[in-house]
Amino acid sequence: MFLSKIIGSDASFRTKIVTLLGLLILFAVPLLANLFNEPFLVDIASRILIYALVAVSLDLILGYGGMVSFGHGAFLGLGAYVVGILTHHSYEGTAVAFLPGDWQGTTQAFVQWPLAMILSGLLALIIGALSLRTSGVYFIMITLAFAQMLYFFMISIPTYGGEDGLNIWERSEIPLLDLYDAKSFYFICLVLLLLCLWCCSRIVKSRFGMVLRGCRQNEVRMKALGYPVYRYKLMAFVLSGMIAGLAGALLANHTEFVGPGLMHWTRSGEIMIMVILGGMGSLIGPVLGSATLLMMEEVLAGLTEHWMIFLGPMLVLIVLFARKGLYGLLIGKGTDNG
Amino acid sequence: MELFFEQSLNGLQQGVMLFLMAAGLTLVFGIMHLINLAHGSLYMIGAYVAASVTQASDSFTLGILAALVAAGLTGMLLEFSALRRLYNRDHLDQVLATFGMILFFNELVKILWGPQALFLSTPEFLSGTLEFIPGAPYPSYRLFIIGAGLVVALLLRHLIIHTRVGMLIRAGATHREMVGALGVNIDELYTIVFGLGAMLAGLAGALAGPMLAVEVGMGEKILILTFVVIIIGGIGSVRGALVGALLVGMVDTYGRAFLPTIMRELLDPASADTVAASMSSVAIYVLMAVVLIWKPRGLFQAYGS
Amino acid sequence: MGDLKLSGVETSYGTSQVLFGVDLEIKSGEVVTLMGRNGMGKTTTVRSIMGLTPAKRGEISFGGVVIQNSRSHNIAQLGIGYVPEGRQVFSNLTVLENLVATAANHAGVDDPWTVDMVMDLFPRLRERAKQYARTLSGGEQQMLAIGRALMTNPSFMILDEATEGLAPIIRDEIWHVLEHNLKKSGQAILVIDKHPEAMARIADRHYVMEKGRVVWSGVSEELLANKDMQHRYLGV
Amino acid sequence: MADPILEVISLTKCFGAIAASDGLTFSVKRGTIHGLIGPNGAGKSTAIAQLSGELQSDTGRVRFDGQDVTRWAVDKRARSGLQRSYQITSLLPEFTAEDNVAMAIQSQQGHSFRFWENARKDNSLRTPSRKILERVGLSDFADNPAMDLAHGQQRQLELAMVLATAPSMLLLDEPMAGMGQSESLRMMELLRPLKGDVTMLLVEHDMDVVFALADMITVLVKGQVLLTGTPDEIKNHPEVRRAYLGDY
Amino acid sequence: AEPVKIGMITTLSGGGASLGIDIRDGFMLGLKMKDGKLGGVETQVIEVDDARKVENAKQIATRMIKQDDVDIVTGIVWSNLAMAVVPSVTRAGKFYISPNAGPSALAGKKCHENYFNVAWQNDNLHEAAGQYVTDKGLKNVYLMAPNYPAGKDAIAGFKRFYKGNVAGEVYTKLGQVDYAAELANLRAAKPDAVYFFLPGGMGINFVKQYSQAGLSADTPLFGPAFSFDEGILKAVGDAAIGVYNTSQWNKDIDNAANTSFVEAFKEAYGRNPSLYASQGYDAALLIDSAITSVGGDLSDDDKFRDALRKAEFDSVRGNFKFGSNQHPIQDIYVRVVHKDGDTVTNKIVSKVFTAHQDAYATECKL
């Protein structure tokens, strides 16, 4: 209460404070880890950032475009597989399968990561082009269907390990940087996340973003105004898929492993949960959501084997009492959709 | 040829089983506009209670009754304590809350019954087979399920189309507030409808018990399939749920039954097996995608739209 | 039979207050109108009476029972029938089902409305009895909404913009019904409408709202005579 | 000025056994206000939906501004200058009134694949939006979310949005429905000066409005054209009086 | 000496939790029998749930290595998790003792000097089944497994020792619940016997439905022990009676170590031990023996590794030693499910292999 007196109840002011505090914490993580002698903290934090990146990508289409993709794991997974497969071949010295020629993959991040983004974007283009014919719950389910198809495909093709997945024996290479160093890796994730947040926050305020948000509110009206709605939504879907692909590339490096589990619907569900938990249509919210969910898992799982019996009701309570997600709770108002 | 008949029967049976789940979900989802992921948990509760009670009392009938009561009560409790606050909220809030409930129930069941699967046997009089397709004895229990499912479908249809409660349920789908303003306690009605949906899930769980593993997480496996069914059928339509369920049952069964043979005609055996298996794994998802691309709102129009 | 009384009713949507102390009184058997320009709070007043948007302050009583904290089905059960703005018929029920789904005898009258009586009143509904309400034209939907409210046998009817979007000939028909059937059967009626002359013909007394307050009230002669008020508050 | 901007040629739409529009044929002259009236359920809204492209017609053709637009999608027709308003208010509920109008203006300024500049600070959108809101009398509510406006105000906003697209032809489905008399008057004052620049097809049950504004009126009954004529002809036509006007 | 730190990453929540719980309980029992001191050294077990997710497992492993500085990691149930975690553990110079998963890659090309498996190589039990079916003179066998690498390995392992004709080879969806379609096809193929590998709930479903379809009377069913474990038999009930399954352990194997293990387990947890529990228990004993052998001093990795290789402990399954790839060389039995009083349980029918080694050892360059 005292705090709110100082900073006032002005929502935009509180937004600034929260954002600043958040940034401060994010930059301080490696320091704190050193201070408390918990080097492992940096690894958890990196994973949080990576999931935050996917969650933000989902928020872009879910929170602003009203497209509830229940198959975002597909893009995450594909991005990860791109890194996994290229590294695999470069490590084994074999040619990339299903491709003409005998390119033996690479471990260069500047090839791997953009390729992960492009391929995920392409996948999003295909899935989006078909799925966007539907809307609402039907859209949720058709995206899920496509992701499941991909999941079962990856599980059954033996070339890349099937259900066993692929080990990544070498992390991606970036000149002058060592991705094996937890702190460098953390800062790469952080920079990419911040970059993505910045771009997305520009996008949602731009003309394109306004069209997207209009579509979420009343698509029929947007059509009648003359907007070829389908194209805008598809564009957003592809953008989102690309960001998710990038997150996948990072995740592959973080886990040093890729498997079809990334594409399973439960994973897509978790990403969605992060967005809703944090507060959709706010961009910052998904970051909070990712941090909260992963930390809760981390902390609760360390306390008891039956940790889910606490996590479950907590989620219910958050829904009931924090209407606009955690972000809304902090900011004291809803999303910035309006 | 008889193999084809037998497989068709299998498809029918699987479809009916799915319908039992889908009917409850489509009631709650299509009419109350509530996405209830915890529907699978109610199914699990039904199966667990049926297993325990059957074991303790040696009566499958008692087990089913207990499952109905347990699932119904749990459902009403959920509705009353939390879900009714979510009717006017975004679908996604409902997703998050009911996802939380899944976690809770899975863990609760594990604590109460242990992590290992439970045993539920077929009742004595249904444990044999019937050979009405010559050369292909068919489990009587599966026939029983087909019968039970069809009876439920008819009863449900009667309830929704011909009774006043059914009218009010449908009315609430479009103008919930108005039903209240005309003097009907819509909150109570919705609690009852939710309980009914929960009972259907419990029934499905109890009936599935003798055939399937009664284990933690059994609900989620069938939940997705159930959603596929009601999406294909068109949300909120009981008829759609039935048609969707049968379609999914048939496509899945035929895919698994005949794709390997067909693929072996086309490819070398080793890759034929893999390809056929992969194709039949995704058959229902392909079915759903095709249906939605062709008819973006499912096969049958929902009540509410 | 009961009198409806509102005193000092204040209502808000979220944080924005819309009603700032509304006082109304309607005796049983009276036909009263509520008029005013767009957005002045007429619908909100009615929603507060019905418990759909509960009043924050003030008192609403019906037949001596305080109802501002009751839930809307309880309010309706006291005998208030409601025809909402925008019709809101149950679109996936047939005409017949719309009529019977919520039917009741709330006022406990001796000869309650039956489907047949409603259909005698609106013969078009009889022709369309088996048709889904969503396929009805606007006018027929409006008749259905009125019939549906009658079937709850209220002692008090509220009609909010019951003639919006209707062809002139149908509008006349509905007013005719109000004037001749309902008034004669001794029902109290609160009508919200935008046609002062027509209202003056069918109603006894009139209230005019402006920015969430009642700013004028009087009988029909006074309404017709007061051109200045009509111009100020109704924009005629 | 006398050439038809819109020609409707035996347009038909059936819902099962109901023919909502049944061989509809009429044309609208450029720059005029053309009234479309008829009893409830005559097929007016259906006709509007067919003209705007939201409903696919079973048979028949629509020519707009010299082009056959029968097969065009909604957004394409809208961009070519054929705009509509809705009988049931249809807005972008979470946007402010000003945003709503700005979206309408933006739709006219070429494509919106512009990802970077802040659209809310774009004066080429904001200045005209403010002006239009002022014209319809919603200046005070410019920053209110559309969903918080009263019914009548939402109707005004609806019209503001359509005007903002600078259409060459407007399909107005009961623009005055739910408006009080003063608001109706104001709308009429808004629409009248547009005559000449903007052609309007006006569906409306408020006969004061129709007779005051329309140059020509087409009467629909059961999906078919009963007759087309000047307001005076319509007013006194016995069949129209019987089917529609009553004692008006 | 400094306490020994052991990281136990296993599945305690969600699907498949019962396996992880058994492994954990077996291991803890072993520890308890040594009074909480493996090899006489104070032992600390850090136990974390991986929820059967690769990433979680990986992250837990990283934390154990970086932060907790454990000496030994163990506990993983699933092959895909093991594939992801084991290399990073061994690369960090820690030891990994597998109490269950034994994927072929880790037994062959990717074997590592710090990786020991005390359970099996995944193919072992399937190979034994192939051998047993051949010995029995069954000439026309129908094969079934899920469509994923472990399923294909299983069928390949079976075929490695099976000499007859394959009546049909079917790969089903992972996590499938209903097998009516497959059963109808199976019946139509008229095989002499059926061999299936369907782990977890899939197996329960299959066996129940197999029996309901009236197939068990004419067509004998064979499977690996996974589907006929104590816990699962409880869920399957009478439907499983008469099924043959291959295993390297059973609670009636007659040796002192086993008897005391079974007794102690029942005493401690009030249920019969499972295969997985026995493996967890053996893992604890193996570690105990090695620490004893190096006198509680884990500072010299080479010495400790040599001590592990010797496997000088009394395995509950009797004969046990490590092959060149540090996977077990052990006896494999065939068991039959029968009814003992009121409980459905396994009893050993015969020994199929004596001192059997897996097929991948030759590929391992240790």
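Things worth noting here:
Labels for the chains are A, B, C, D and E, by order of writing; each one numbers its residues from 1.
Quick note on the criterion: a residue touches a chain if its C-beta (ideal position, glycine included) is under 8 Å from a C-beta of that chain, and two chains touch if they have at least 3 such contacts.
Keep in mind the model is a prediction, meaning the values are calculated, not measured.
Contacts with chain B and chain D are shared by A, C.
Ranking every chain by how far its Cα centroid lies from the centroid of chain A, the top place goes to C.
Distance between chain A and chain C, defined via averaged C-alpha coordinates, is recorded as 52 Å. Computed centre separation for the pair chain C/chain D is 30 angstrom, with centres defined by C-alpha atoms. If each chain is reduced to the centroid of its CA atoms, chain C and chain E end up 75 Å from each other.
Averaged C-alpha coordinates put the centre of chain A at 43 Å from the centre of chain D. Among the residues of chain C, none is found touching two or more other chains. Along chain E, residues 13, 147, 171, 173-174 each make contact with two or more other chains. Shown for chain A are the residues in touch with two or more other chains, namely 152, 155-156, 158, 306-308. Chains touching one another form the pairs A-B, A-D, A-E, B-C, B-E, C-D. By the touch criterion stated above, chain B contacts chain A in their complex at residues 29, 35, 82, 85-86, 89, 91-93, 95-97, 99-108, 110-111, 220, 224, 227-228, 231, 235, 274, 277-278, 281-282, 285-286, 288-289, 292-293, 296-298. If you check the complex, the residues on chain A that touch chain D are 202-203, 205-211, 213-214, 217-218, 220-229, 232, 235, 337-338.
By the touch criterion stated above, chain B contacts chain E in their complex at residues 3, 6-7, 10-11, 13-14, 17, 106-107, 110, 114-119, 121-122, 127-129, 136-137, 139, 141-142, 210-218, 221-222, 252-254, 256-257, 260, 269, 273-274, 276-278, 280-281. By the touch criterion given at the top, residues 52, 54, 73-76, 78-79, 83-84, 86, 90-96, 99, 102-104, 106-108, 112-120, 122, 145, 161, 165 of chain D touch chain A in their complex. On the side of chain C, the complex with chain D involves touching residues 13, 16, 36-40, 43, 85-86, 135-140, 161, 164-173, 194, 234-236.
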